[in-house]
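These notes are about the structure you will find just below.
Order of writing sets the chain letters: A, B and C. Residues in each chain are counted from 1.
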Amino acid sequence: MSAALAPDAPALPALVDRGGPAQPLLIVDALRKHFAVAGSLFDRRRQRVHAVDGVSFVVNKGETLGIVGESGCGKSTTARLIARLLPADSGQIVFDGDGVDEFGGMALKDYRRNLQMVFQDSFASLNPRLSVLEAIAYGPQVHGLAKAAAHARAAALLERVGLAPAQFGARYPHELSGGQRQRVNIARALAFEPRLLILDEAVAALDKSVQAQVLNLLQELKAERGLTYLFISHDLHVVHYLADRVLVMYLGAIVEIGPVERLYGQPRHPYTRALLSAVPSMDPAHRTERSPLSGDPPNPIDPPSGCRFRDRCAHAHAACAAEAPTLRETAAGHWAACHLDDPGSGHPEAPARVAALARSA
Amino acid sequence: MNARLETALPDALDAPAVPTPASVVPHAAPRRGRWRGAARQLLRDPVTLISALVLLAIVAAALFAPWLAPADPYKASMIRRLLPIGSPEHLLGTDELGRDLLTRLMYGGRLSLLMGVLPVALAFFIGTAIGLVAGYAGGWLNMAIMRTLDVFYAFPSVLLAVAIAGALGPGMSNSLIALTLVFVPQVVRVAESVTTQVRRLDYIDAARLSGAGALSIIRVHVLGNVLGPVFVYATGLVSVSMILASGLSFLGLGVKPPQAEWGLMLNTLRSAIYVNPWVAALPGVMIFATSMGFNLLADGVRSATDVRQ
Amino acid sequence: MFAYLLKRLLYTLPIALGVTLVSFTLVYLAPGDPLNAIAPADAPADVIEALKVTYGLDRPMPVRYALWLGRALHGDLGASIATGRSVASEVMSAARNTLALAAVAAFVGVGVGCVLGALAGYRAGGWIDRVATAISVVGVSVPHYWLGLVLTIVFSVHLGWLPAMGAGGSGGWAWNLDQLRFLVLPAATLCVIPMGIITRTVRALVADTVNREFVVALRARGLSHAAVFRHVAKNAAPTVLAVAGLQIGYLMGGSILVETVFAWPGTGSLLNTAIFQRDIPLLQGIILVLCLFFVALNLLVDIAQPLMDPRIRRT
């Protein structure tokens, strides 16, 4: 796929859909990443930050999967593991049916064409010494495109994201606003013609009005180019707007995953419920009286035994400390990891809830 | 022995300022904008301007000595020893062997300036290369390089320079080697520190995501952002190098007679302080003036390229 | 805290070991047989052989190093080739003299530097600031061996107030009024270096702290200048102490030039002699003692800093 190109090749070779529409574009299987705590070399108990603890999910072709959670829940680490910017301790990534960076699978460089990422800090994402055009053209050149062709391509992409090449092409990052820089970052990611785009809090640092423009741009691009998005955010409104399915993470593990409307409408996991109820409402009749989350924010070093959320959960019980819940499908495509949804878990409230769910289905 | 004092301060005869994160990345202005703005600011500062001009005069006098000098630097005359300043035909007097001092000072400038600039230039290239590797690679390679250099950092610069030069023996090339070896660890420290900071930034991740190899990333993305701060640091080392080099000659470890070099001249003229003290002090004035000129210029460059928030 | 101390110590040991290695091998850098310095050129073969054995030059390098290190740990640094006296005792007596000089120079330099820097930083931009900055730039730029010469010219040759060379007395240093005169010029020359550095350091720290919001808050609460200054000083103290401590180390290690100018009988002069006489054991001994002193000083500073300022924590 990355064969040497003729010097006057106008474009990178198109990427082929190998698996067909039913094959998920991305399968993440049991990703695990623990960090050693700095300075723990001489401590007898070597403390580890359980940043990502056995995360598994799929991303279907053409969808937008939103990943939400508090700071420190492991969303960004997961993104970096998927992008292979960090080596995973264990786990596997399968892209369109091919194992990534494995024997018999897809080479890393090819993977780098299929998957791109847009980061949160638009300024730190750009080399201050390269002009906008040079920054965008760098990637295609790495994959074999001639310099002139790469620059032409960069100019076209700049145009597409709404920045006139004649006016912005020669500018440097410090001469652009935050929103403009993020467009440049999007253009740079698109220069590879990727199939999957990871957006790691890509609009979080922008003003609301600028956010709206960038989000619209992202929607257009997705429709135009048949892209698949992995959208990481802590902003539940934005995720609601963009995502088809949502994945909720807590302390390095997935607690709930499901279609956006169902998840927002009938959240199963207590944490999801707490998150959603914490979102302020415009309706004065629905004031938030009490903080839905009790207890202290989590410490990713040595998480609690059993269910990680039990320290802050209003429904916590002895069964929650004994065993960690696994993801169970409570409705079509809607999975939650909570003992309350498992009639055999030993939690006293479980049978009642399962019955209520069956009735409402 | 680690980069302990991250304030913008020099230690005389040892490492000048380690660039603080604020002055380095990620808000460093890029090529064109930065240098134009820096040049403008430099020209506006009178102190920097004057020191630059004085320095230029000294360098020019040294460079064009064979054409500008009034006399032969090696021509001795026993009758005309230690003539005072302002003597006819000898504007700045004569030294202990009757040679014209003005000429000797001009010729001396060539070697003294060379000994000041060359070790720093060599250390700049060697140190940046090592620092880039150590900073980009990280992990055990970084540890191995930095801990080895820490051993050299455990020596005060003067002692290390004297020890190496003393071990190698007198001579200009030996002094050059000694000084370069003294400065390389300091440059590596700065280069490694800046490289490590740059490496953590998102645009390096983005570059890695593009599938580029490490060499390409270092060349395109890291090098340009590292050279600037390291260069600014290195300019501060030039005056230290000059003083050390002349010091080595003063001890008899550097340039050998009858060559003209300011430190060596201070040595040979020492006994003359009882006869003609001001002539004996003149070579040191040149070292002082040049060193101060470099320091003020380096300060000016540093503050001009420092992007204020 | 104990874990931190242990870590620091464990980190310093390999460095110290490296220092001993470099100290030992440095003298063998030069091409040529070290024996040439010891034996006369036309010595007969058996004399050369005997000398080789005496100085252990018949053994391979690593063995020599191990033997030397072993003896050094017991305080035996061998005997000087030139004088035959114990290297350890020579170095120690010389070190006493240098320490006296360095301590006085550091004390004066740091003291004056603190005062100047504090005044300059407190009223940044004022005339004191300009004077202090000028002094610090001069202090950093001036070749101190030349400054020594100039001071000698002015105070000794011209005015005749102070002696030009030596330490007075019987080659050693004793703290009496008579010998104090010999200390003035060398100390004055040497103190310029730390003065320049400390002035700059203190000025930057004070100017920075004074602008911080908590100081403005203190002033708004009606605290007097003196009281505010105490706060500022407390903030600046750890860094200043660290810099000052290191400066003492640099002064001890780098005193050779000034000691040569004033013929001060310290480690610097001894080093000078050792180099030109190619006195290998003496050279190794001096370098070792000076550098280990510097390493120990670094360690002390590393330990003292977090004690003074809880924000500074090095892993």
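Here is the rule we use: a residue touches a chain if its C-beta (ideal position, glycine included) is under 8 Å from a C-beta of that chain, and two chains touch if they have at least 3 such contacts.
Bear in mind the structure is a predicted one, so any value in this text is a computation, not a measurement.
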- Starting at chain A, what is the smallest number of hops through touching chains needed to reach chain B? 1
- What is the identifier of the chain with the smallest separation between its Cα mean and the overall Cα mean? B
- Note on the structure: Chain centres computed over CA atoms; the one at greatest distance from chain C is chain A
- Task: Starting from the mean Cα coordinates of chain A and chain B, work out the distance between those two points in Å.
- Result: 50
- Message: As a quick test, compute the distance in whole Å between the mean CA positions of chain A and chain C.
- Response: 56
- Message: How many angstrom lie between the centres of chain B and chain C, each centre taken as the mean Cα position?
- Response: 22
- chain C partner, complex, touching residues on chain B are 1-2, 4-5, 7-14, 147-148, 150-152, 154-159, 162-164, 166-169, 239, 243, 246-247, 250-253, 266, 270, 273-274, 277-278, 280-281, 283-285, 287-288, 291-292, 294-296, 299
- chain A contacts chain B in the complex at 80, 83, 85, 108-109, 112-113, 115-117, 119, 121, 123-130, 138-139, 142-143, 172-175, 185, 188, 192
- Mind listing the chain C positions that touch chain B in their complex? 12, 14-16, 18-19, 21-22, 26-30, 137-143, 145-147, 149-150, 152-153, 157-158, 193, 196-197, 200-201, 204-205, 239, 242-243, 246-247, 249-250, 252-254, 256-257, 260, 271-272, 275-276, 283, 287, 290-291, 294-295, 298, 301-302, 305, 314
- Task: In the complex, go through chain B and note every residue touching chain A.
- Result: 25-31, 33, 201-203, 205-212, 216, 220-221, 224-225
